[in-house]
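Dropping the structures in below, format is structure tokens.
Below, chain A partners chain B and then partners chain C, in two separate complexes.
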Partner chain A sequence: MLTFLRKRAVGSLISLIGLVVLVFFLSRLTGDPTALFLPVDATVEMREQFRALHGLNDPLLVQFGHYVRDLLHLDFGDSLRKARPAIEVVTEAFAWTLQLALITMSIVTILAIIIGALAAWRGGLFDRVASILSLIGASAPDFWVAIVGIVIFSVSLGWLPTSGTGTVWHWILPVAVLFIRPFGLIVQVVRGAMMTALSSAYVKTARAKGVRARPIIFVHALRNAMLPVITVIGDQAAALLNGAVVIETIFGFPGVGKLMIDSILQRDFNVVMAAIMVTALAIFLMNVLIDIAYALLDPRIRH
Partner chain B sequence: MTEHLLQVEGLSVEFHTAAGTVKAVQNVSFHLDRGETLAILGESGSGKSVSASAIMNLIDMPPGRITSGRIRFDGQDLLALSDEQRRRINGRRIAMIFQDPLSHLNPVYPVGWQIAEAMTTHGTAGSDARAETLRLLTRVGIPEPQAALRKYPHQFSGGQRQRLMIAMALAMKPDVLIADEPTTALDVTVQAEVLSLLEELQAETGMGVLIITHDLGVVAEIADRVVVMNAGEVVETGTAAQVYANPAHPYTKKLIGAAPGKGVMHDPLPPVQPVLSVRDLRKSYGGFTALDGISFDLMPGETMAVVGESGSGKSTLARILLRLDQADGGQALWQGRDLLTMPPRELFALRRDLQMVFQDPTQSLNPRMTVFQLVSEAWVIHPDILPRPRWKARVAELLAQVGLKPEHAARYPHQFSGGQRQRIAIARALALEPKLIVCDEAVSALDVSVQAQVIDLLDRLRREMGIAFIFIAHDLPVVRDFADHVMVMQKGRVVEQGSVRQIFDAARQPYTQALLAAGLDPDPAVQAARRQARLALVLQPIGILRRNDPPSLRSP
Partner chain C sequence: MGKRILAWGAAAILAGLSTTAAMPARAAGTDIRIVLPEDVDLLEPCMATRSNIGRVIFQNVNETLTEYQARDDGGDLQPRLAETWEQQPDGSWRFHLRQGVTFSDGSAFDAGDVKHSFDRAMSDQISCETPRYFGGMTVEAVVVDDHTIDFRADPAQPILPLLLSMVTIVPAETPVEFVRDPVGTGPYAVSEWTPGQRIVLTRREGCWGAEPQVTSATYVVRPDPAVRAAMVQTGEADLAPSISLIDATNPATDFPYLDPETVYLRLMHDVAPINDVRVRKALNMAIDREAFIGTLLPEGAQLAVALFPPTTAGSNPAVQVPAYDPEGARQLLAEAKADGVPVDTEIRLIARTAQYPNVTEVMEAMQQMLTEAGFNVKLQFYEVAEHESFYTKPYPKDQGPYMLAAMHDNSRGDPAFTMYFKYDSEGLQSGMADPKANDLIARASAATGDERVRLWQELVAYLHDEVVADVLLFHMVGYARVAERLDFRPSIATNGQLQLSQIGFH
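Take a look at the complex of A and B:
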């Protein structure tokens, strides 16, 4: 297990380095921050002073060298816009996104597994209704659902706040909208995997042994069916950790996705870089968790 | 009329499929008594497994439907009971073991837990079940039973897994054990051990055993009575000895006639310049030595059979000769040039001389290509062989050569039976007019009667076209009928090689003798005699006790 973790860490470090290089140079292509930060009537001297202050006059490679040097000291630089350490800005936003992702994915996982497993076992009308609803869910455009949700529940009915944070009520719409697509997808994967597992030879053996229906579904079949399901859960969770950009923007939710968009538009390079690094790390940890879950579920991977 | 332990009367089962209703089993009747072994013998599609599944309530309904019949067990009609009542009978009074124990054991739970579950699900206390599981593992001969409890199915060998299945099935001391092709996927020596174990356990518990098989040898070895099934119907029934000696139904006669191992053995070929000369071939995977110094010569137009049990390295040998895998050492001279070090360009040109036919034609034929595309693909890769306008005629010719019709060219593989698919695979191999065809278990997956036809086809191609064959097989009777030369492998080494007559009539090595003795003859009388020899050769050295009663005294 430890060797495995070490291998994964080394592999991820290499991708992380590639990511730093790519994002650093790509973000410089978006243009000069000076144009955005200083008023239109700023003098040439003022511009020069701003550029010198932030090291923007150095050749790109030198800037990159400085950046990497600071990075090795875990210094992500300061936010140009907010004039405080970029990493602080990012972790604050990331905490919001993490909460949102955790709450959403927990509800999604539990409900999708129960409904998908039952659909596979019972078949008939329940299966058909579950399949159609999950297909609609998996293909629903979330920005549209979000706006319709606001129009109905916030504007017309006035039950829920339109955007922002503060109370429990503020969470309901974003979680509900984010829930729909992963739920639809995962129900379908669970259903498919359970169909395969329930028609497998070992389930036949269990029936020949006289095992009752409930342990056949939830003990014999489900654990085998979880392997492909976990992969999809991991993908979906990773997508949420990346920041649900559209949803966070629509609901004015101060998460990392919204932060990234804002800082790109503002050419706040340090914040962009820090945000990308933090989410990359989070996704790496997520993948390790998925791998550990795999090994726990399937002894063939462990040995 | 006396009450039998298990009695199936007039059973009919249908399946509703997209292609219409399939009558899988029609008006089937048989019975089984305590202490008796009944074999249901039939080829694929005969309905033999469906009959057994009906007894265990394992038929999925829908699409299945039992349209008529009764299954009387111990005074009650199983088909009239509720699902819950049948669940209580399953595993406790009637138990079942299956072919391919690896897929029939749950891969993610320890085997100790799985065996104990067979008891706890019928109300045995957990601690009692665990103690009994340990006793069962010891009884069926699993080494280090205490440690085995916590192991998972993939950590056992094929034979051990079937022993685990047997332990699981016998946990509740059932009155009836149904065994569906229990030894089909196992090596011959392992098959002999598993069948002996079943017989011993039957003697101990007095249970009735219903064994479902396609193998006349298994019937001869273990069955008191036999029910022969074909196309969903019982065609013949009687004692095993009677049915073999005096088959009444034409289908039974055909089945017995097709059993391999009774033809005239080939005479040795006169020595000529070998077409392939292999010297000291070596290959390891990590710490595992798959090939440990293999050497042999193959003459043009000769069939060399490579026999051995799983793990003997015979498939590795095939892969290396076709350069699907790299050897670690040694050489393989093909008409004087070393195959193993040949540069890619030369190898490409040479590939047309070497072709392969795999075990499972369902997997080796691309399901999205028509037969025409499959056969002519070789000419796309080697365009100089045949100009495109002549492809159609040549495909028709090849199909005729392997016993198919020219109009089959437009069809897809799933529209053919297993035997026909293997013919397509052979036609594809012939398209390049090869000088050597490597057959890796090419007939093992086929029914006996189809197997005989495919073997005949291969033998005709060998005679007419002078193609040499390397014929990898575990089935000795087939080898006996088809091979000129036999190489016996064990653990990556050549144990013995010689002409087919020398190996089958005068094997020198104990391992070869053990393999031959473990094979099952379709004749119950021969098999009874052979059992004595096998007990001495195979079972005693690995510590299985000899039974007290001589097997020949079994009453029909």
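Take a look at the complex of A and C:
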């Protein structure tokens, strides 16, 4: 297992280095940030001073050399817009994204597995209702659901705050809206995988031996059906770790998704680079966890 | 076992919900909550003329020597940290400072602070907004005594007191780098700033001037206009300075105000066929401006004949909006064509995505109107950075004829903040080179009093009627939602500042 993890770490490090080089040069291709930082009527002198102050007059390779040198000292540079260390700005935002992703994916995973497994086992009306609802969930546009949720639960009923952070109540609407799509998707995958598992020979044998329904579903069938489910859970969690831009925008959540978009549009390069590295690292760690889960579930992978 | 775990889990969640908070606290008493559309990335006093920063700290935390009080019916310059000022025989300006004023860190305010504030804001060691207002001149601050300071400008600046209404004052100890904890002489101090979440300003005790009614203001940011409007409706906020037209449905809480932004099409005069004045006139006649108001644009938007708001001294009421006359436009184009002007050449109409609500529909309608009048117009939308490359010199070369749809903000009370940049041959965003316009700009900029107003009016008429410099379109309006418990009405100033001392309670 350790060898496996070491190999994954080396592979991810190479990918990360490639990503840094690619993003550094691609982001610079969009132009220099002077025009976006300074007001439109800034004088020529102001523009020149700004470029000199931030090293934007240096050749691109020299800028890259400075960046790599600083990076080796774990200095990601300062945010141009916020005048503070870029890594500080990113980790603050990422902490919010991580909380949102963890809470949402925990609830999604537990409920989707239960509903998906039961739908496959029981069939009939339960299956049809679960399938239709999960399909609707998987295809519902989240910005629309979010606004409708605010209108109903905040403006009309007054049960929940419209947006923001601070109390448990503030988390309910964003988590509920974020929940819908991955939940719909994972229920579908669990249902499909479970139907295959439940029709297999070992389940029929267990039934013939008189094993009760719960152990058949949650011990015998589910364990074998989990491999594709874990892959989809990983994909959905990675999407959330990259930030939920719509949710962050509507609910005023200070997450990394909106930060990244704003930084790209404002050419705040240091923040873009730091955000990409932090999210890439998080996704790498998550993939490692998924690999471990694979190995735990399927002994063939371990060996 | 499973049931017991579920029961414990449910109990824990319920306990968490009941103890952590009931519903979020509503603003009450004399504490207010303000919901802003843009994140505040800096709280740097020398950047306070940027609207997202200015709405929080300008005049609330950091004050200026003079204050331009913009109102919908005009505006005037008022004393703030300077009590009086006068021009010296050598053209310099002497300011007599208010005494007994202290900063929020307890230190006393004096002329040394003013000099440091000015030198810091103009320094090439930080990228403040301030130098934009002092282009083409050198200005030196000279301390006369603790309560008197001279500003010597070369060339002499008749509007120097107005220019100083953009320079915020900080203590002499403030480093020449962006700060995150602004110290000022204003009636409020920053008591909390959690980036991305909230900023809290708290009223200072014993500050100079009348004590404001608002004791504290909490600022939060919500980019979505519908959410901002909903927050005031539900009582989560008291004031949303910017909501969208479609959310402005309650006359008791939603108020329009004149926005200092003016929408126009900047024309490039050096490329055919736009280099022909008949073509420029035809462009102006081909657009039915009235048709946009109350449909794609808010009811209160006004038709523009200058690039600054009509409340500015120097506006010329005699200049009339061009009548919508597509037939006349076609005739002018035919005349130009007969003289060999290539009027059939494709002209690009370049606009910026999401620049203002309905910009796509507005531009498409304009393209349609221009096409019906005989123009060959291609509409192109760019993101802000690409749009900016067409907006400011050096312009991209060999682009062929194009019109740039743009917005310009001048809430500073004088056409000088517009005219040089937009119409002088050397202006960074000028599309023309006209010696008479250059001369008028230079003379008006150097003149004072009635002569200054007269020269600006002459320039406005010349640019609009004779040069036909551009296609001026609309002075925009914004909407604010104000909780009924507040005694506050938004004005043209609301776009760039929000003075808490001007907010009362019913």
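Convention: the second predicted complex is superposed on the first by the 302 of 303 C-alpha atoms of A that agree within 3 Å, B and C clash if a C-alpha of one lies under 4 Å from a C-alpha of the other, contacts with A are read in each partner's own complex, and residues count from 1 in each chain.
Quick note on the criterion: contacts are C-beta pairs under 8 Å (C-beta built on N, C-alpha and C of every residue); 3 or more make two chains touch, one makes a residue touch a chain.
Quick caveat, the model's predicted, so the values are computed rather than measured.
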Specify the outcome, clash or fit, for chain B and chain C once both structures are aligned onto chain A. fit
A:R181 in the overlay: touching chain B, chain C, both, or neither? Say first, second, both or neither. neither
Chain B versus chain C as contact partner of A:P299, first or second or both or neither: first
Once the structures are superposed on A, label A:R191 by its partner contacts, choosing first (chain B), second (chain C), both or neither. neither
Which partner chains sit in contact with A:H220 here, chain B, chain C, both or neither? Use first/second/both/neither. first
Is A:G31 touching the first partner chain B, the second partner chain C, both, or neither of them? second
May I ask you to name which of chain B and chain C touches more residues of chain A? C
According to the stated criteria, A:R207 is in contact with first (chain B), second (chain C), both, or neither; which is it? first
Using only C-alpha atoms, work out how near chain B sits to chain C after the chain A superposition, in angstrom. 19
Overlap of chain C and chain B interfaces on chain A (superposed complexes): none
For the complex, which residues does chain C have touching chain A? 16-17, 20-21, 23-24, 39, 41-42, 44, 50, 124-127, 129, 131-132, 135-136, 177-178, 180, 195-197, 220-224, 226-227, 230-231, 233-234, 236, 383-385, 388-389, 391-392, 417, 421, 428-429
So in the complex, which bits of chain A are touching chain C? 30-31, 35-46, 49-50, 52-53, 79, 81-84, 89, 92-93, 96, 147, 150-151, 154-155, 158, 160-170, 249-252, 254, 258, 262, 265, 267
Over in the complex, which chain A residues touch chain B? Could you list them? 199-202, 204-212, 215, 220, 223-224, 297-300, 303
For a test of understanding, state which residues of chain B touch chain A in their complex under the given definition. 56-58, 60, 87-92, 95-96, 98, 100, 103-110, 117-118, 121-122, 152, 154-155, 165, 168-169
